[in-house]
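Here come two complexes built around chain A, the first alongside chain B, the second alongside chain C.
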Partner chain A sequence: MSATQAPVHLPPRAPAPPGPSLTDRAWGLIEAIGGVVLLTVRSLRCLLTPPWLSWAPEAVDQAWILIKRCMIPTAISVFVFGYGPVGVEGGLFFKALGQVDRLGSLYSVGAVREYVPWVTGMVVAGVAGTAITADLGARRVREELDALAVMGVDAIRTLVAPRILALMLVLPLLNLVGLVFASLAGVVVELQDHGNFAGYFASFQSGFSTVDMFANVLKTAGFGFLVAIVCCYRGLNAKGGSEGVGRAVNVAVVHSFAAVWLFNFAFNAVYLAAFPGSLSLR
Partner chain B sequence: MEASAINRKPPAEGLLTEAGDLVGFAGQAFYYAAGAGRYFAEILRQCGILVVGTTLVICGMVTVVGGECGLFVVYGLRPLGATSFAGLATAICGVREMWGYMFAYVFAAKVGCGLVAEIGSMRISEEIDALESVGVDPMRYVVATRLLAVLMTVPFMYAIAMVFGTIGSYLVVVVELHGVSLGQWIALHFSSQTLGDNLLSIVKVTVIATFIALVGMYYGYRARGGPVGVGAATARSMIVNLVMIHVVGAALTTIFWGRSQVPIGG
Partner chain C sequence: MVVDGRRVPRPAGSGLGGDPAPAIECRGVHKSFGAAPVLADLDLAIPAGSISVILGPSGTGKSVLLKHVIGLLRPDHGEIDVLGEPVSRMARHEIWDLRKRVGILFQDGALFGSMNVFDNVAFPLRQHTDMTETEIEEIVLRRLQDVGLAGAWALMPGQLSGGMRKRVGFARALVLDPEIVLFDEPDSGLDPVRTALLCELILETHERRGGTYVLITHDILSARRVAQFIALLWKGQIQQAGAIEDMLSSEDPFVRQFLSGDCIGPLGMD
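== the complex of A and B ==
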């Protein structure tokens, strides 16, 4: 169409239906929190009561699917984040002090403590969490979940509990792979700033602490739990209609991002206060 | 989990086709944006939706990440006995990097996914075909207006979010951890950033937000396969968005600040 077309006169828009009021939205939020807690309790009960290991095959399948989906996005994201914001910006301080060969300590502290866990958490929430919500939401709108209930199959035992376990297992593993890519990004920055490798690896090793590593794994397992429970809840409660599943995915990803960041902040505040020595640049 | 409704070719070929299609769609969106001024009321309505629906959650999350910067900086500098320099690092951590990343994450989740769900449902319920049949070009009326609304809204929204990020850093560094006195923190925090830093940060975030909006509208516009297809497209847009955020963010950081100096020493 040409840009000189005459303006098109649209018919008047029908008045929008009144949206939910503020009270309704507040109640909705309380209901969602209650639903998430209830889902957590129910899936824990499924994991801790017989028949034992009924969730194991599905959990392994899910873990493998998650690894296939998330590995490449996580590696790319962690690498470029380690290169740009951490390497280039953080390297400025080290360059100003003439200590480029100590850059490794920034990676062993900053990567393990801060950015690899939450970059991995963001990517897994965005890639795997959305996929889980889309999958469960599709089953809800196609009434597959109702069919399962009719057949006497507990959807929480067969669908939700394995996904929670799989994410809690896979997120720490992906995070460890991410750490390798973060260190590679550090090597690239080191080369670019004309530092030397020996200094980089020496300061990397001396800055690295076991406590950090345990905290890192614990934190990412927590991320996995939060992402899985929020996304499963939204998927199970997807509404019908043409927009239903897409809107459920949208809400799920917003809420899981918020949950990951609030947990990250609370965890770091407690952990750093409990082990203040672990952040020194040795 | 089922395969995406969009991509059914062999992986590499499908990926390249999709990337080319996405770039073509983005070019078309900018081309049609030139003639979208006739729908100015619709542009303003989209701006209103963005502002009302997104500003609050973005400001909240940027406050959290400002606090995270403060936490890391204070505990990082404390063993060196240099806590009084906390303001220097919160400025660089926040203004140049983290507020922008956080803005982008929340924007991708709230607005990017929202666009896929909204335009995707318009596509599968054949509203877009209906627009075409009455002679309204959907690329102009649906896509270009939303693109212009994002370009008009994001710089201001991010400027407000930056204020909240500063408040978050202040709350953690000064109020919670008592790392440094208020005067010293303010002096260093604001003397370590220039107007240029702030403007470049706004430019960076606007570029990333434009990418996010284009990706979201592309996956919505090309959605098919019923409500389930819209859900799958929403999930897929998030993969592209998250990788794009990090790649574009790191590239712009390197271009804007790769050769800059930190304001210490001579």
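== the complex of A and C ==
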């Protein structure tokens, strides 16, 4: 005879609290944009006013940390992206058109102008930007930032300005390393699928332009600035304990991705309008 | 000194009934976050040279008031004078100069996680003085000895207990010899014995060094142990303030209820 089991009654679930209204969200966005602009102005003032170079030691430390954290993820991401979608898929497309010797130009133009800066920006936002938000957010909720302020230390000068500078220097540098790995991915695809090295290198060389390279470095410095300012702002304004820090990190990564996409689109539009010759494949 | 078996702080310098100029004075201070007012036309005068306690139930704006005193927040309207300086109207660099004269112990110590105990306590000296490392070492070890942590100078904040973190925070707050020391809920997260020991340390330090100490707490026992002056904060306003003897003998129903921790009275769960 089997005993009947008593039904399990789960405790009633509390109704989810109502989220912020559309108006609140709109005000929140306006407030965030205003806060980011204000933080930008204050950071620039710290970088451009005495005591000179007071931010330099922290900027060097941060740059080194960023290189250590982001170098390998950037190299792997760029190589994989360059090998698969660009190399293998693009190579097949060129092969179908009987233009396999053109594959090199896809790297010297597409990689320099578009996908290496973009992938590097995403990796740095995801790896370094989140770390910056988590670090500053934890300091905020532990009242370390208040303690700094009480001791007469400007957190913008000592924490924010060095991080902005470090990201603006390191992101272009990582991007240059990424270009090497992207080109290497092209060589591997060529070696594996086509074997036309002469054509690859010739089209790579003819597609390469110095203006593209300058624009590439400028654009990635812009990415670095945007990721740094958005992530610092979110970290400095974290509230609500450890849960609040988690929320700040989540918002920071979404907003810095969006900032990178928007800036990338605007920059490319202006660049191609300013240098229309870049539109034609050489 | 000891009165009725209870340790009572000795009035130091220009304490209660002495110098009429208060160390901290708030006049009509109002602060709202969104639609909710946290401080509502608050008036308060903290006597110089004494240990004052601002008492109030949780969520009544005690920490917000403290942040106004050190200029981390600015009032929507009203005036705050600290050591005779109008904090609410000062420029940022003037506030930083004033903050060098004010030490603060945050709730959890607010120690810098990347520095050991020694560097945490030495930080204000390195930041604001031209002392040599030998002089800094001497001062820091003396302050750590004052709070009973001379042997813990090499530990990182993560290796300290809650009570130890507060004592390191206290040593750091004292290291620049401030004229005012503020304590934000020094008893939070501590067991009764450690709370008593910390109160004893605050009393001893005040006896030895003088200055104006302001504690913010909701713990009546801590307040009774250390206070010379008590201000009761409720609904964003100071309901009553005065010397501890006057407050303990007050007939005001709110004061009586709060200081006795009674269930019956004007203060309810809402």
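By definition in this document, the second predicted complex is superposed on the first by the 271 of 282 C-alpha atoms of A that agree within 3 Å, B and C clash if a C-alpha of one lies under 4 Å from a C-alpha of the other, contacts with A are read in each partner's own complex, and residues count from 1 in each chain.
Heads up, the rule we're going with is that a residue touches a chain if its C-beta (ideal position, glycine included) is under 8 Å from a C-beta of that chain, and two chains touch if they have at least 3 such contacts.
Keep in mind that what you see is a predicted model, and the values were worked out from it rather than measured.
After superposition onto chain A, partners chain B and chain C are found to sit side by side with no clash. Of the two partner chains, neither chain B nor chain C is touched by A:D24. Applying the stated contact rule after C-alpha superposition, one finds that A:R142 touches each of chain B and chain C. In the superposition on chain A, contact of A:M151 is made with chain C only, not with chain B. Chain B and chain C never share a C-alpha pair closer than 8 Å once the two structures are laid over each other. Chain A residues 138, 142 lie at the interface with chain B in one structure and with chain C in the other. Residues of chain A touching chain C in their complex: 138-139, 142-144, 146-147, 149-154.
Contact residues on chain C toward chain A in their complex (touch as defined above): 67, 70, 72, 96-97, 99-100, 102, 104, 106-108, 110-113, 123-124, 127-128. Those residues of chain A lying in contact with chain B across their complex are 1, 3, 5, 7-8, 10, 65, 69, 73, 76-77, 80-81, 83-85, 88-89, 92-93, 96-97, 109-110, 113-114, 119, 122-123, 126-127, 130-135, 137-138, 141-142, 238, 240-250, 253-254, 257-258, 261-262, 264-265, 268-269, 272, 276-277, 279-281.
On the side of chain B, the complex with chain A involves touching residues 1-2, 34-35, 38, 57, 60-61, 64-65, 67-68, 71-72, 75-76, 78-80, 89, 92-93, 96-98, 101-102, 105-106, 108-110, 113-114, 116-118, 120-121, 124-125, 135-137, 140, 176, 226-228, 230-235, 238-239, 241-243, 246-247, 249-251, 253-254, 257-258, 260-262, 264-265.
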